[in-house]
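Here the structure comes first, spelled out in structure tokens, and everything after it is commentary.
Letters A, B, C and D mark the chains as written, and numbering starts fresh at 1 in each.
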Amino acid sequence: MKKLINTAESVVDDALNGMAAAHPTLRIRDRVVYRAEGPRRGKVGLVSGGGSGHEPLHAGFVGHGMLDAACPGEVFTSPVPDQIIDATRAVDGGAGVLHIVKNYTGDVLNFEMAAELVEGVDVASVLVDDDVAVQDSLYTAGRRGTGATLFVEKIAGALAEEGAPLARVAAVAGEVDDRSRSFGIALTSCTTPHAGKPTFDLPETDVELGIGIHGEPGRARVPMASARELAGIAMEAVHGDLPLRGDLLVMVNGMGGTPLMELYVVFAEVAAFVRGKGARVARSLVGNYVTSLDMQGFSVSICLLDDPLTRLWDAPVETPGLRWGR
Amino acid sequence: MDTDVLVAWFAETARLVHRERERLTDLDAAIGDADHGSNLDRGFSEVARALATSPPDTPAQVLATAGATLIRRVGGASGPLYGSVFRQMGKSLTSPVTLAGFAAAFEEGVVAAERLGKAALGDKTMVDALVPASRALALAVRDGVGVREAFEQAARAAADGAKATIPLQARKGRASYLGERSVGHEDPGAASAALLMAALATVVA
Amino acid sequence: MKKLINTAESVVDDALNGMAAAHPTLRIRDRVVYRAEGPRRGKVGLVSGGGSGHEPLHAGFVGHGMLDAACPGEVFTSPVPDQIIDATRAVDGGAGVLHIVKNYTGDVLNFEMAAELVEGVDVASVLVDDDVAVQDSLYTAGRRGTGATLFVEKIAGALAEEGAPLARVAAVAGEVDDRSRSFGIALTSCTTPHAGKPTFDLPETDVELGIGIHGEPGRARVPMASARELAGIAMEAVHGDLPLRGDLLVMVNGMGGTPLMELYVVFAEVAAFVRGKGARVARSLVGNYVTSLDMQGFSVSICLLDDPLTRLWDAPVETPGLRWGR
Amino acid sequence: MDTDVLVAWFAETARLVHRERERLTDLDAAIGDADHGSNLDRGFSEVARALATSPPDTPAQVLATAGATLIRRVGGASGPLYGSVFRQMGKSLTSPVTLAGFAAAFEEGVVAAERLGKAALGDKTMVDALVPASRALALAVRDGVGVREAFEQAARAAADGAKATIPLQARKGRASYLGERSVGHEDPGAASAALLMAALATVVA
């Protein structure tokens, strides 16, 4: 394993130093990434966070029209309550704070603890659980939060920027999650800096279906196939759970080590699938947005849009990882 | 049992976790995200440091410091869960500390983690090692067994509980995403819980 | 080698289909990527191109404030004159067309042939050659064009958008090239879809210094080192050729397979180096912009800014790969 | 020498290049960007197809089609360079085609590529195979050697020229970026030029 790091212990802080140096719109203090301009009076604050290694998620989505603060944990490890408490207090502009939490035991527990301990701030929480590879049953921790986290952060962020009250921002965030589904496929494992070796072994001949974003092995292993077939598997899984119809927001997301050229190849197949179901790609993203370190592979996320959601998606956003309209 | 024994317990746990760090991470790689070893190594070494830097006056303070430090420094699922065990133990422990008092406080700590994580025995989590350890302590108290023997039984129960997670299919935590593929692997949190109890047996031996 | 492709033969067209499906602002015809809205009367047209596999360069930089057309060749193979001729004719708004050419024999020859054959269009050309790893001497084909191509395309694009005449757009494009330098380091080789195996073997213990963007081996191989040391090697090479001073535009660019987290780690070191030389990071980019398929590694590009160039860098741009101000 | 021989030349070149595709790409991987085999395979198979689809009437047309097709379909450095060789040959060739006429046209084709690429003998490029081949043809004409023998000598000269690039340090093209590290590898373009001449020898054999 070769990585562009100084030490495995310092990688999160070193990367945050790089973010601070690169983005004057951010201010970073005690492992929390804030908008440099601070909270806006009367605006609902948005806080998210999770393990590091998913960049640009979440810290790269701090800025106008999206998050107010992000709490990066160690690599693939949820942040601790202290970070979340600091962030929640700091971004409160008097209108309360929404926690956007991906559904992982660690994220849920640490955000819950923080929400209990923070005082004097009105806190609501939305749980993102879009990954159709996981059954939502008594026998699992529930569906994982993956690519749709970006959709929730963007759309809730736009609504908060407009001055909507906390209950409404939380409700729409939940609605976005309800209308979104994802499925991921890995061609290779990732390697965490601490472990120093691939999390799982995947032979040249196989791929993992239904992976998360932490290098967890997937639900099944099948022989490597063409982009068309792999996109078909992912889209059937999504469509089987939430039938595609009408206007869609479609993201083909790279896991971190996948070249953009290949993601476009996948996107072409995904778009063809969508057309085949009589739905329409109304908005799209292609790139590395919700990653898993150096893993090669992709995930597809879709959201069933309606006019209000489309308007919020299109609203200006200015973050290191997502930017338009200003 | 005094403050020193509890401090020694965490020092020994830190040593064991550091030594077994790679094994814990490997277990987590198989059915999770390959960070359990580094999470706990970071956490318990911080606990040991905190206890060494400002030595607590009471057994309850040792546990409170351990719980708060784990919650403040670990993150992940294991941070709040282990943190809750010790935080609750610190609240429940009465002084002077007897084996019965320790066993009761430990039981309450384990219940706190069960509540927080909503995991039951057989879900293939740390609970599968902690609950048997707690029961072993309760039995030892009932049977009037000595501290040393009691902790040895608890350590054995935890180790057996950890091994018993191997054939299970996970129903909680990250391993549950794997469905049937989680079968055949030892749960990393159960394995670290076994280390925790082994450390306890060592420091009173 | 596992790749998200259908066949090695179809990869370029498949990816272009994906681009077309993802970006309504683009129109793609006969392997040329155009702005959907077509040429603007009186505006100088900007055409670039080169082998595929460097995405988002060049096609991802077509749009308002940047390129008017991009000509993607086969993977790592310059486009053919026909593509360039088509593009040049189509984007001419009567004010002439600037060819932005990276200094590779193939790119130079094919653009030259096209410029000779296209008739009735005023064509100027700028050669980008920023890579300090290559000596510019009689004994080489001259310095390669790498990361600074993005700087040239962005700044010349902004100037063209303002309505500057061809000679001035060409002159400023040349000035940007003169003020820019780059250096790249590979941790792994890339694998082309056609070859199906890594272009070079690089053991776990070593890195290649002074690589280009086509998987060519570098000038030297040294033991793997920390991000700080590797950033230092790259920056010393740049600084030794063009001393850093004043306001800098600094890009830390991933080669395609490098996670963003690691690029931020490198950026922190690069920023520290810049400060150490008494210069200032005035503008920056961190991400995968000028890539080499799935290669892991990074390059650093710097440009000595002045006020006019900074203003042009800041001007609105709206392309799939680079977007701000609109 | 008639139209058919030239058509056969390109058919045989296409066959050889396709067969040697991986070797050419491997040579290019060592000191370039690993595409020479696929570039020429794409190019010459297109030439063969174009010649088969609309058979040209004259030898000059064969060469013009080959040159234009390579320029239109190959890209990279080798497309314009090989394209120029044949385009210029097509312009220079007089009819009926004699060995002397062919040799002179080939010489002009090679000069066109040298001019375009600004490469000289010893720069470690295709020129290092093309120039010796051209000289061998000129000598054969001077010595009154037969066509078959002449083309065999040209093929041998090209093959020798290609091998002779191995110890050289590249001064042109992508391999020049490697500096001294380009030493010890055969130039892929010189290797493909040797195939081209070998094909010529085969079709008149």
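Brief remarks on what is shown
FYI, a residue touches a chain if its C-beta (ideal position, glycine included) is under 8 Å from a C-beta of that chain, and two chains touch if they have at least 3 such contacts.
These are the chains along with the protein names UniProt gives them: A, C = Dihydroxyacetone kinase, N-terminal domain; B, D = Dihydroxyacetone kinase, C-terminal domain.
These numbers come from a predicted model, not from an experiment.
The set of chains in contact with chain A as well as chain D comprises C.
Considering the contact criterion stated above, no chain is in touch with chain A and with chain C alike. Inter-chain centre distance (chain C to chain D, centres taken as mean C-alpha positions): 32 Å.
Centroids of chain B and chain C (each the mean of its C-alpha atoms) stand 54 Å apart. The centroid of the Cα atoms in chain B and the matching centroid in chain D are 74 Å apart. In terms of which chains touch, the assembly is arranged as an unbranched chain of neighbours. Here, these are the chain pairs in contact: A-B, A-C, C-D. Chain B contributes residues 25, 29-35, 37-39, 42, 71-81, 116-117, 169, 171-174, 176-179, 181 to its touches with chain A in the complex.
Considering their complex, residues 8, 51, 73-82, 104-106, 109-110, 113, 133-135, 138-141, 144, 192, 194-195, 199-200, 212, 214-219 of chain C touch chain D.
Taken together, the chain A residues at the contact with chain C in this complex read 1-7, 11, 14-19, 21-23, 52-53, 55-56, 60, 187-188, 204, 207, 224, 226-228, 230, 252, 256-269, 271, 281, 284-286, 288, 291, 293-294, 296-298, 318, 320, 323-326.
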